[in-house]
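Below: the structure, in structure tokens.
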Amino acid sequence: MSTKPLAIIAGVGAGTGLSIARRFAQGYNVIVLSRSSASIDPVISAVEASGGTAYGISTDVSSEASVTAAFNAIKAKYPGSPTAAAVFNAGSFSRAPFLETALEDWERISAIQGRGAFLFSKATIPLLLASKHLEHPPTLIFTGATASLKASANFSAFAAGKWATRALSQSLAKEFGPQGVHVSHAIIDGVIDIPRTKEVTFDAEDAKISPDAIADAYWHLHTQPRTAFTWELDIRPYVEKW
Amino acid sequence: MSTKPLAIIAGVGAGTGLSIARRFAQGYNVIVLSRSSASIDPVISAVEASGGTAYGISTDVSSEASVTAAFNAIKAKYPGSPTAAAVFNAGSFSRAPFLETALEDWERISAIQGRGAFLFSKATIPLLLASKHLEHPPTLIFTGATASLKASANFSAFAAGKWATRALSQSLAKEFGPQGVHVSHAIIDGVIDIPRTKEVTFDAEDAKISPDAIADAYWHLHTQPRTAFTWELDIRPYVEKW
Amino acid sequence: MSTKPLAIIAGVGAGTGLSIARRFAQGYNVIVLSRSSASIDPVISAVEASGGTAYGISTDVSSEASVTAAFNAIKAKYPGSPTAAAVFNAGSFSRAPFLETALEDWERISAIQGRGAFLFSKATIPLLLASKHLEHPPTLIFTGATASLKASANFSAFAAGKWATRALSQSLAKEFGPQGVHVSHAIIDGVIDIPRTKEVTFDAEDAKISPDAIADAYWHLHTQPRTAFTWELDIRPYVEKW
Amino acid sequence: MSTKPLAIIAGVGAGTGLSIARRFAQGYNVIVLSRSSASIDPVISAVEASGGTAYGISTDVSSEASVTAAFNAIKAKYPGSPTAAAVFNAGSFSRAPFLETALEDWERISAIQGRGAFLFSKATIPLLLASKHLEHPPTLIFTGATASLKASANFSAFAAGKWATRALSQSLAKEFGPQGVHVSHAIIDGVIDIPRTKEVTFDAEDAKISPDAIADAYWHLHTQPRTAFTWELDIRPYVEKW
């Protein structure tokens, strides 16, 4: 048992979530929430391999009961530990002509980007508000995408979800900033260099975003003092067209 | 029975929807969809009083079954009539500190601004695509609000819903514009002058938005030729701070 | 001599300015300001051919002396006539890699989009403020472009100028709206169908913007009552990618 | 003489420029450009007091001749030194009702935010392009303000200038990112805690932005690898209304 502060990350796997977990594990006990233990296990291993500790909880962020159970488990596991950071990195993708987009697809995205982001915020903000006097202001970061700013053809469901998450993050930043909680939103505009995108290739080197570089940016956001909070930044590879 | 084109309006009552219905009834048979017949009846009366025809169908736009039933009723009532215009004017409001915003509130808004807007678009776009060779390009207009652009503190659920609707409208505009369907989004930034806002008063005259003026703007959008489509415009009273 | 209201248009030629002049000449005496009489003459002819009256003044909008002289000439020609509308349609184009963009190019654009827009506003706003009790609220409209929203590579000077004009229009809308003057900005996003763009061709019909359709949109803006002012709208052909 | 990389900062004084100079002097020889030596001297002293080296050149960034002379002096002083970073922090302020804003005010702002930003970019981008193989990608950062995003009433000249700078920065980011130069724009949204703002007081602590925190954010931008460039971030105190 430890009173080392916690960093709670929703939505992990072999990509950005893993890098964020490893980066925040340099200072905190990391909790990772993800639907499947298959997603969680490599993150735990990676964190432990770099000397940190991580604890995984299979969680469906779109389910109120599942989120409640997860946060009860966190409290049981780490009673009295303050929460220093929370990252909402969960997502669900859809790309299809509108007339071929099923209601199920719309609802699947909305369940994560809307209800899931809402439930995660409801669970973490009270913890963050209670976590004063840490080295850095308590921080809640949301991962956005190109589609958070532009709703292109064939991305109706995905963009609607991403815009909803971005709206939530802005409203929370305005409401909880004055209470000392730093809420941020990062626009990840490009292909991330993770196992799932191996088949996507570019002529230029470094044309995919390094997930470790995203994690460094999130860590910088977390370390900003309250006199200088950033709500939003964009992150893209140097060769990206935008 | 008539082959006069149809204008289908979701979300009516004593306010904007009524004015839009009356305006579009100058050229079209108007169909109004609203949850309660108490909302529908005054619209029918107002349209008829100004010489038009309107047909109301009690509809829950957030329910797939209800929307399907409504469009089946439209086809039965007006077989062969092309659809010239569709307006998504439905909405649901929420204003509360985030930690007092219940999941039910979030879901109530999302059901209308997300799923409802999606279902209405799925039902109307095929009709609009089939409605070529009318006087004006077939048009789908969404009603937005101040919160479509800004997510203020205490408006998390409302803004998330409005941003989702705006994203949907932009994606649809990009996908269906090239197929000749005009998709627009109007930012209504101010208090509308309707019975429900009677208690809101201003020092200046004309400080609330006339719903008839909104209807005129929507009609202008509808009459734009395909060489000059507007996706978005803002509408606010001259004294509004923004 | 007439007390018919005036519409003063800066920046005319064979394109948008001509269509705007012809449209506003249906209700007003039109004044056209342009650098060369070669630009002015066809506009006068077109207005007169459609039954209106137009008066041209060779003006360099980027020169304080030239603008002062032009407005003195207007007062001499039409003493006592109220000004109902003013349109800033002047522009100067530049597209070049940044390191090949000369200071002269930067300054040429800035002189029109910055200083010119400023001088035209300084000259027209007092006239518009004095023009109460007309049929429609006195209106000042600025013509923007795709580059008013996006600063693409190779458009540094052009975009900087267009963003400056847009900023000016927004500040003026906020300051003078409450005084009854309607200030608008139109984003023209596409190729306009004018003699100069004859060589630009598209597969689709109607793929260029009709300048008459732009003029109709400007007229709609002008006719909006003060309870429902639009600051900004975008105008693009249905097939435009955006 | 040294081949330590250079950081060139335009616009310094007792505020943000000083903090940026001190931060970048931890790794680089700092050059500061400012109109008056009265602005430069305290920056040199502060940098030297913290163990760095700084070299000041009285420069009017709005004058092509003055900028040319400054960069000739830099080359003479540090022949062969690569340029790692350049920061455009110059500015000029104006707040006045539009009709009381003189052409001279408009031109004064435009000379700095427009021509000055252009000239500084023209001088530094070739140096940055030539500076490959440094520890961090060569970086050009522009300082923006609240008025870079919103053109409020009474800020016409200031906002037009700030929007022009922001447009320039976006166009440069898109053009030179693919060539390995990182161009960023920071929205400083709040009162900075510098001698000039001593009389501005707030009830809350830390309600003004620490210039050192701005400098830390600029340094983070500079250290981002090319797989993860940020173009824009906002910086505001936790209690700021926005």
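By written order: A, B, C and D. Residues from 1 in each chain.
Please note the rule applied: contacts are C-beta pairs under 8 Å (C-beta built on N, C-alpha and C of every residue); 3 or more make two chains touch, one makes a residue touch a chain.
Listed by chain with UniProt protein names: A, B, C, D = NAD(P)-binding protein.
The structure presented is a predicted model; accordingly, all values stated were derived computationally and were not measured.
J.: If you take the chains that touch chain A (NAD(P)-binding protein) and keep only those that also touch chain D (NAD(P)-binding protein), what is left?
T.: Touching chain A (NAD(P)-binding protein) as well as chain D (NAD(P)-binding protein), we find no chain at all.
J.: Name the chain whose C-alpha centroid is farthest from the C-alpha centroid of chain B (NAD(P)-binding protein).
T.: The most remote chain is D.
J.: Centroid of chain B (NAD(P)-binding protein) to centroid of chain D (NAD(P)-binding protein), CA atoms only: how many Å?
T.: Result: the chain centres lie 46 Å from each other.
J.: List the centre-to-centre spacing of chain B (NAD(P)-binding protein) and chain C (NAD(P)-binding protein) in whole Å, with centres computed as mean CA coordinates.
T.: Roughly 32 Å separates the two chain centres.
J.: So, what's the distance in Å between the C-alpha centres of chain D (NAD(P)-binding protein) and chain C (NAD(P)-binding protein)?
T.: Computed value for the inter-centroid distance: 34 Å.
J.: Note the residues in chain C (NAD(P)-binding protein) that touch 2 or more other chains, in rising order.
T.: 174
J.: Looking at which chains touch, is this a line, ring, star, complete or other?
T.: Basically the chains close up into a ring.
J.: By the document's touch rule, what are all the touching chain pairs in this structure?
T.: A-B, A-D, B-C, C-D
J.: Note which residues of chain C (NAD(P)-binding protein) are touching chain B (NAD(P)-binding protein) in the complex, please.
T.: Residues in contact with chain B (NAD(P)-binding protein): 137, 174, 177-178, 180, 182, 193, 204, 206-210, 213-214, 216-217, 220, 224-242.
J.: Residue numbers of chain C (NAD(P)-binding protein) touching chain D (NAD(P)-binding protein) in their complex, please.
T.: 64, 97-99, 103, 106-107, 110, 114-115, 118-119, 121-122, 125-126, 150-157, 159-172, 174-176
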